[in-house]
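What follows is a pair of complexes built around subunit A, which joins subunit B in one and subunit C in the other.
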Partner chain A sequence: MNKITIGIPKALLYYKYKDLWINFLEELGCEVIVSPNTNKQILEDGVKFSMDEACLAMKIYLGHIYYLIDKCDYILVPRIKCIKKHEKLCTNFSALYDLVNNVFDKNLIHYNLDVEHKEDELYAFTTMGLTLGFPYRKIVRAYQNAKEKEKFLKERRISKQKSLLASSNKIKILLAGHPYNLYDEFIGKQIEKILEENHIDIIYSDQYDDKYLETEVKEISPKNYWTYNKEIIASIVHYQDVVDGIILMTSFPCGPDSLSNEMIIRNVKIPITNLIIDEGDANTGLLTRIESFIDILEERRKAR
Partner chain B sequence: MNAYLGIDIGSISTKGVIIDEENHILASSYLWTKGNPIEAVKQLIKELKKQVCTKNLSIIGVGTTGSARKLIGTMLNANIIKNEITAHAVGTLSLYPDVKTIFEIGGQDSKIILIENGIVVDYAMNTLCAAGTGAFLSSQATRLGVPVEEFGKIALTSKNPTKIAARCTVFAESDLVHKAQMGYQKADIIAGLCKSVVANYLNNVGKGKKIKAPIIFQGGVSKNIGVKKAFEEEVGCEVIVDQNGHLMGALGIAILSKKAPIKTNFQFSITEDQFETRGIECNRCSNHCEIICVSKNKKLIDAWGNRCSNGDIMSKQR
Partner chain C sequence: MKEERVISFPHLGDYYIPIKFLLNKLTKYKVIESPPITKKTIDLGSKYSPDFVCIPFKYNLGNFIETLENGANVLIQAGGGCRYGYYAEVQEKILKDLGYHFEFYTLVNSDRITPRSLYQTFKKIDPKISIWKMIYYIPLTILMIRYMDHIDDFIRKNIGFEKEKYSFFNLKKEMLNSFTHCKGYCSLTKRFFTYQKKFQNLEIEKPEDCLKVGIIGELYTSMEPFSSYFLEKELASMKIEVKRFTNVSYLLYQKRLTRKKNLRYIEKYCKYTIGADGMDNIYRAKYLIDQGYDGIIHIKPFGCTPEIGAIPIIRKVCQDGKMPIIYFSFDSQTSETGIKTRLEAFYDMLKMKRGE
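Take a look at the complex of A and B:
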């Protein structure tokens, strides 16, 4: 029997769940195809298939789906409504599956998560595995192994960041934002490139140990119910004493970020700047903003 | 005598100064960019040369800032290329050491710079919207049939400025047309427009910033006395407009080029050289980057715009 091939778009929640999804599917014996880094073609395709008002990250996602069509048996599209009780995610994440299904009408594989309706992670993986025709016990084992691997990789990344914080004397900037913004070739990577050219150490907000999330988030925002934004806020609280400044990254026009960013900007104790990225190609404004922000951080260091 | 050249190439205007070791301005010039930064800079250098030809200067530092800073920096072999926020702050601080806030409204963008103890601590720039900048004012001036230079003076004659929607240029424009059709006086509308520029600036760029005196207002729009007055009414204290306010970016970058560790050798004869830019689309990957090549006397001197190393034309040449 040929291996089942599953395509995963390298956008949105890929950056959050890649270790879990890929390891799970490979453990089951599927072949996983990940779409390449966002490029201009993918972005243009995405814009073509999206409505105007969708956020940049969402447009990019549809471009990745378009890339994967006819390159695999199934495309994995999550439908994530709630991952923590009494908390919310952007509605895009719960609409994603149906949206993609409507636009492209191809073979999709779902990953449904809604803990408020008893659909937890194990449930999501079991239904995914059963749809693909694997036996229950094999699925559970694959999930457990993938989970362990994910934990290991996460800890390794966090400790790598910790040692960077301890070892280097260069100016450090916390890049804060959703992982799908931080690591996307067209969003975060162009900022990363400018920072690297200016010899800045970059700390990422998602490389964060969420053990004390609930207490840390309250320092800035006591009553927040956006799960992903809470992670960003807690990470900012966690790192703000050890970095020189914060770059808050948003893809235009993000709903939850527009609320949460205001709260962050008003409450952090160190220099912060908010960069909003849209589908335009000109990065002159971006360059000016980042360069002058670095100048501010350098002057502050000299003055100390 | 050693001297330093600073050039600030904005979207609308190009500014240049030559300073000596004590930051005194020896020559200065200001002209329109007219969408052609290379020609504008050549013209600017000719003007500057006229002003200093009697002095025996050797220019050992060249700095460029403004939106065409990279292009012109390459062309003039500048020893420093820096963003306009830092340049404006440095220039302004050299004349007003205790300034705390700088308002800047230029042709296409507006900025606020906050300074504490002589260093920049915060800044903001207009984001996705160009409402309330110089370009908006001049297009509205044309609509009203008034030269934009007269705007300020006319605004001052108004006793009862008309309220004009400030949040968005598109709404402001339709509101303005509506008010004119309703029969409001031109002077009142113009004064209202100045007020709306200020309201827009303070609500967008200045949002959430602690604005402290002394405040300096610069950029092309600062020449509009109506906007200056509207600012003073809004923030409740004096807003200083320096006579040389438009030169602050150029002055700042000249000072920074003086401080830069590496020096350069600049000759006025550069205006004789042929500079050309060419945009080519790189087809080596699916990004299709547009790469800008700059050549001097038909010889390629720099190229940029590539996202990946496939389009790195310069290193392939070497």
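Take a look at the complex of A and C:
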């Protein structure tokens, strides 16, 4: 039997769930194709297919889908409504499946995660596996193994960051934002490059142990209900004593970020800057802003 | 002595009347509505708002600032789904940072309104409110809103064809005024029926085959006439019959009841709900096509995420049904002339399509 090939676009939730998705599908015996890093061509395709007001990350996502369209049998597009009870996500994630289905003419596989309507992750992955035609037991085992691996990899990344925090004496900046903004070649990586050229240690907001998430969120914004934004806020509270400054990274015009950034900026005590990036951004503007921000941090260190 | 409490709340179309009625009946405190929305309101609001937050936030913040200047010290925000639910916390923070002193309450803390949550919030606002009063007056207010929406539907269909100018407008004003003086269920219903008859007796000149247009889109911009630059008035002056779905009674109960039915109606396009009113708007687009309307107008504030998710699907529905559709995206900087020009062009297009 030929292997089923499944394409995963390297955008949006890929950065959050890549270990889980890839391990799960590979364990089942599918071939996984991941689209390459975002480049100019992908971005242009994305802009062509999306609404002009959609957020940058969404445009990039559609570009990745277009890249994958003739390279695989199925494309994985999840629909995620709610991960924890009484919490929500940006509505883009609940529209994603239907949107892609209407814009492109392509076989999609999907899973539906909606905890408030009793569809948890195991249930979602099982239905996805069953539609692909795998036996039930194999799916559950694959899911459990993938979940374990994801947990292991996450812990390893967190401990790596911890050791960096303890050992280095350079200026440290917390890059805070959604993972799909932090690690995207077009959005986060160019900021990362500038910081590295200036010999700055970068701490990432998503590599954070969410053991005390609820109590930490309450320090800044007790009523926030966006799961991913809560993670960002909690990590800022967690790291704000050990870093010199915070760079908030937002893609234009992100809905939840527009409000929760305001709360963060108004409540954080250390230097913070908010970089908003859209598809027409010139690199020089970013460079100037980041360099002046670094100057501020250096002066603060000297004064202490 | 303790300062006297003055309650206030932001605007949403004409709905300040039932809300004021309810608060007046329940509490002994003074209730003032915020000053009517003007250009100044939106300027104040956008000055202190985050950059790319959606436009209702700016209107509400402007309302709050103006009403605080007028002496209010207890503010009520509605809350609800989407970004609305989080407005309250950010607005409270912004206003406190500006140096105002006030108490802030939200009616809905989670996604939906439940009797329990309403009870708890009203108890917080005024601990002396008796539960019996609430049980009597809250359904009465909901009934009043329902009657208002019913009349509004009728007005929207006919206002473009009135013989005497402003006859509908004046009668509606009279009706709302009379509603505020009602004493109970009987008197409210009586008033509703008398005014319904009066509305039906108003003289109109309505041709059989007038143009019919449906308005779909985000809830605040469709309910607050100022934020859509009086789009409905403009349509009325062009002699177009207007159908609009979103109103408060829809938000209160219809939405919950019709979700499953609507989803089945559009299962060809949509498998899941999209969040906020996204799925409902796709349903409405399909419904308007099936009912033989001439065109659709989609309105939303700039950056409204659920609508942005729904628009590609609506576009496909309209392509399949060969339906003309125009999209308006409102921001604090939108020019009124631009909207007028686009609307006129749309009107000409509908006329031409009819001519075929």
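The criterion applied here is as follows: the second predicted complex is superposed on the first by the 303 of 304 C-alpha atoms of A that agree within 3 Å, B and C clash if a C-alpha of one lies under 4 Å from a C-alpha of the other, contacts with A are read in each partner's own complex, and residues count from 1 in each chain.
Going forward, a contact is a pair of C-beta atoms (placed from the backbone, for glycine too) under 8 Å apart; a residue touches a chain by one contact, two chains touch by 3 or more.
Nothing here was measured: the structure is a model prediction, and the numbers come from that model.
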Worksheet item: On subunit A, do subunit B and subunit C fit together or clash when superposed?
Response: fit
Worksheet item: Now for A:Ala303: first (subunit B), second (subunit C), both, or neither, which partner does it touch?
Response: first
Discussion item. For A:Asn169, using the defined touch cut-off, is the partner it touches subunit B, subunit C, both, or neither? Pick first, second, both or neither.
Written reply: neither
Discussion item. Looking at A:Cys90, would you say it contacts subunit B, subunit C, both, or neither? Reply first, second, both or neither.
Written reply: second
Discussion item. Under the stated touch criterion, which partner chain does A:Ser292 make contact with: subunit B (first), subunit C (second), both, or neither?
Written reply: first
Item to complete: Kindly classify A:Asn2 by the partners it touches after superposition: subunit B alone (first), subunit C alone (second), both, or neither?
Response: neither
Worksheet item: Which partner, once the models are overlaid, touches more of subunit A's residues, subunit C or subunit B?
Response: C
Worksheet item: From the CA centre of subunit A, what is the angle out to the CA centres of subunit B and subunit C, nearest 10°?
Response: 80
Worksheet item: Where does A:Pro256 make contact in the superposed view: on subunit B (first), on subunit C (second), on both, or on neither?
Response: second
Worksheet entry | subunit B versus subunit C as contact partner of A:Ile276, first or second or both or neither | both
Worksheet entry | Partner chain in contact with A:Pro222 - subunit B first, subunit C second, else both or neither | second
Practice prompt. Could you grab the smallest C-alpha gap between subunit B and subunit C in the overlay, to the nearest Å?
Written response: 5
Worksheet item: Considering each complex separately, which residues of subunit A are in contact with subunit B in the first and with subunit C in the second?
Response: 252, 266, 276
Fill in: subunit A residues touching subunit C - in the complex, by the definition given at the top
50-51, 53-55, 58, 79, 81, 86, 88, 90-92, 94-99, 101-103, 112, 221-226, 252-253, 255-256, 258-263, 266-267, 276
Response to the item:
So, in the complex, the side of subunit C touching subunit A is made of residues 50-54, 57, 82-83, 85-90, 93-94, 97, 110-111, 269-276, 278, 302-306, 308-313, 316, 329
Practice prompt. State the interface residues of subunit B toward subunit A in the complex, per the touch definition above.
Written response: 67, 82-86, 109, 117, 119-123, 125, 127-128, 208, 285-289, 307
Worksheet item: Which residues of subunit A touch subunit B in the complex?
Response: 39-42, 190, 252, 265-266, 271, 276, 278, 284-285, 287-289, 291-293, 295-296, 299-300, 303
